[in-house]
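For clarity, chains are labelled A, B and C in written order, and residue numbers in each chain start from 1.
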Amino acid sequence: MAQVSAAPTVEAGNRGALRGFFRELTRSKTGFAGFIIVTLIVGMSALAPIFIDSKMPTDLDAIWGPPRAGHWLGTDMAGKDTLKQIVLGGQTVVFVGFLAAAITTVIAVVVGSLAAYIRGRFDSFMLQLTDIVMTVPQIVLLAVLGAFFSLDSPIYLALIIGCLTWPVLMRSIRAQALSLKEREFVEAAKLLDLGTTRVVFGEIVPNMASYILINFIIAVTNAIYALVGLYVLGLAPLAGANWGIMINNAWIGGAMFLPAAMPYILAPIAMIALLQLGLIMLTRSLEEILNPRLRDK
Amino acid sequence: MTDTVVHEDPEPGKDRPAPLITLRGVSQTFKSKKGSLKAVDDVDLSVGPGEVLCLVGESGCGKTTTARMAAGLARPSGGTVEYEGRDIWSMSKQEFAAYRKSVQYVHQDPYASLNPIRDIHRTLVTPLRKHGMAKGRKDGWDQSAKLLEQVDLTPAESYLPKFPHQLSGGQRQRVAVARALSLNPKLIIADESTSMLDVSIRIGMLNMLGKLRDDLGVGFLFITHDLAIAKYFGWHGRIAVMYLGRVVEFGPTPQVINDPQHPYTKALLDAVPEPDPDLTRTKKAGGGLRSSEIPSLADLPTGCSFHPRCPLHEADTCDVLRPELEAVSADRKVSCHVVGRASPLHVPAPRTGGNGE
Amino acid sequence: MPTTDPPKTDGPILSVRDLHVAYKTGDGKTVEAVRGVDFDLYPNQSLALVGESGCGKTTLGLGLLRLLPKLGSVPKGSITFNGRDGSSVDVLALRKQELRKWRWRDAAMVFQGAMNSFNPVLRIIDQMGDTIRAHPDGGRKPSKKEIWERSAELLRSVRLEPNRVLPSYPHELSGGMRQRVLIAMSLLLDPKLLILDEPTTALDILTQRAIVDVLHELRAERKFAMVFISHDLAIAAELADRVATMYAGKIIEAGTARDIFYGPRHPYTVGLIKAVPPVVGDLPELASIPGAPPSLSNLPSGCSFAPRCEFAEDRCTERDPELDAITERSAGTTHAAACLRWEDVTYERKVVERV
């Protein structure tokens, strides 16, 4: 795979392509707005722990406090600042969302493209496996897993979500790979005896790159929903503070009956919705940019 | 079914080098909803180093399927494909790898045969590196450049960093040939490789392929629907005319083109327009055929599959008995009852023994 | 076989003067794909437009019937059609409704790639019926029976079996049959001008022959004038009385089929003919034209063929030559070449090996 190009001009070409990509991205207003939203939220979540101390003192005088100076979004049931929690609480959501999506996408791409290329027993086995995985009720499985293992690390959550959601994408990757496999340049690579790995991951998969990228982003949105769902239902350990846990806390703490606590409920929901909206806007314009028919004019 | 038949060497007489690729009684049956289709039926062919064998016929005649079997891209449902005398489907892994490298295929569509996301240098250097033929970057670059020079894409340095979409159809097709040459093949199977190119570019390409044949001694299995192209490229070679999965006429190109024997070959040649206004208007309407509709492979006529269209058709013979491909002279074969009967070799059926091997 | 030169007492049926066709490109620029074309087409003549891809021949054909895509326009020039009743029509000034009428009644086009011209979910009889109903004869609605009979008659004229073809869907017909249905449909209102874009491309030899035969027959019977666009010079030799070679959006040589095939005088035409292999006879020497056609957005100065031309001199890059008459004849059959050195250009087919 590691094929280093000898020609400096080639890298220049790639850089040019990247610049062209950004030009295209800025051309579509929706896509660019989505890109900005996603970048801001991801940036905020990644950098917040450096600037904000996550250990906030409990302030019993400020339980369910309304928005006021110093606490722009009010305080929670322990008198902690809501705004700080919002800024800090994106980390787990974003991290699990992207990691789970990465796991889903990697499994789907590897298995889907190999199954399409090799066919035969491997293919039918994998198809059977997807049927099984797809029929497993995820929430129930998570409840069971949660009962046996402590799922306190976000990595475990990402692994579980990732391992449960790959079959749908795998099927569509497989379908794409099946049609690409018949393309003449793939046959040419086969005739040059380049080997299965290189033909699949060097010829077929790169030609699905845009499709994979778009589906990766869609997988991020799905993983975020799955994760938030787990927290809201209380199936994941409620340690620390993140948007999902905040919603759960609001629910448990009866925040909906307190007008002063509204920001505490609405803020995490708004953040999740905003992130999802940004991601979807981004895929919309990525589709436009990466669709070869539109790209080639 | 073909297993029981003993096939003669496809090539009677003549001192030829040992063939690289030999198809013996090769058949290919495709299953479809409407039953099975015999796309290729009992074809015997061989190509030696530096030789040209043109396979001509209309679409659906089985020429591409035959070529794909010769290239090992499809496994015949009957008969054997041999490379240097060994059945490719019972070869050891190493033997098959050697065959793979020696027999390359050039596709028809220059817009589909190159990976759109690879630049030309990577397209060419990948096989070189994979098979340990290029050592290091510099060597890979130089060898890729050399390959482009062999296909007359010069200056090579300016083409290497380009991507397929930056090249014209003719240039892409040359890159496809360069890629096929990267493993020093002994045989190139060209499947309608020039048919999508403009006239002038097509001739340039054919002249380049001819140079490879003469300079490098590469053999060609050249598939085309265009008899004029077959004549030009395969003048010193042989031509096999296929109709509905079978070879109906076979012989040295100049003889087949200028003195066709089989009524189908005659019809094809009568139908081809000539770039000569006076000559072309002497051609027969309809190519002299009784019907212009080609029968479906799923529902082949009985006897000779050409009989419903054939101007020489004889009732009770042609529609009953399937003619075999038989020698009509020292180096020509025809599959036709009527023409075969007139041949001096007709009785007894010829059996050529020791071929020049 | 119908051969050439009908008596020319009538005026031209189609007069094209200084026609330019431009396309808008992605980055807001315009590119001229046809750059000043003049010709007269007389009744019952058949003119072939030949050249490599990108020379502007298809654009010219589309422009003649104002079938250009949205990004195309005609910035300059005139197209005059002289109808059977002696009326003359300024094609570029026609309004939408008039244009639609004119297109089927007086001039029709048969496109390349017959499959795309059909609606895949309609049977042939329905498609032909729609066209017949859209152009009612004397304002009366035709009955089902009339439509069937009309369609059947047209199909028989292209040697198709109506009872087999009419109830079929497009995909049930072979490529050659579809192409013939299209030709039949274009003849519905008996137009006097038929434009065919690559009518035989991608068809098998015997199918191609069937189309060529049908066109010969129809032309002898119905006496329409024909412009056909082809990259295949052999087809041009077969079907055309007159041939015009196009290069970079201009006609660079025009004449009778014999002029072009036996005595071409433009180095580009010579190059094209030298690249076409004949089928029967000896093995000729064939050569390709070096280089590639220029980009229309960046044409060389002077003669646009000069950079590829073995005859090019300094003056060729200074002046873009106009068509210069070589042999003057009537009815648009003058042999002319746009080359400063046409007198030095000769063509002779060299034989490499005899049979």
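In this text, a residue touches a chain if its C-beta (ideal position, glycine included) is under 8 Å from a C-beta of that chain, and two chains touch if they have at least 3 such contacts.
In UniProt terms, the chains line up like this: A = Peptide/nickel transport system permease protein; C = Peptide/nickel transport system ATP-binding protein.
In this text the structure is predicted, and so the values were computed from the model without any measurement.
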Exercise for the section: Would you mind naming the chains that touch chain A and likewise touch chain C? Expected result: B
Handout entry: Chain of greatest Cα-centre distance to chain C
Key = A
Fill in the blank from the handout: Chain with Cα centroid nearest the overall Cα mean is chain B
Fill in the blank from the handout: Expressed in whole Å, how far the mean CA point of chain A lies from that of chain C is 56
Exercise for the section: Could you tell me the distance, in whole angstrom, between the mean C-alpha positions of chain A and chain B? Expected result: 51
Handout entry: Euclidean distance of C-alpha centroids - chain B vs chain C, Å
Key = 33
Problem - Interfacial residue positions of chain C with respect to chain B in the complex - result: 1, 3, 52-53, 159, 174, 176, 204-210, 212-213, 216, 231-235, 237-238, 240, 257-258, 261-262, 271-273, 275-281, 283, 286-289, 292, 353, 355
Practice task
Flag every residue of chain A that touches chain B in the complex, lowest number first.
Solution key: 3-7, 9-10, 13, 183-185, 187-195, 198, 202-203, 206-207, 209, 292, 296
Completion exercise
Note: in the complex, chain B contacts chain A through residues 71, 73, 97, 100-101, 104-105, 107-109, 112-117, 119, 121-122, 125-127, 129-131, 137-138, 140-141, 160-161, 163, 165, 176, 179-180, 182-183
Practice task
Would you mind writing out the residues of chain B in touch with chain C in their complex?
Solution key: 58-59, 168, 170, 198-207, 225-229, 231-232, 235, 254, 257-258, 267-281, 283, 285-287, 289, 292-294
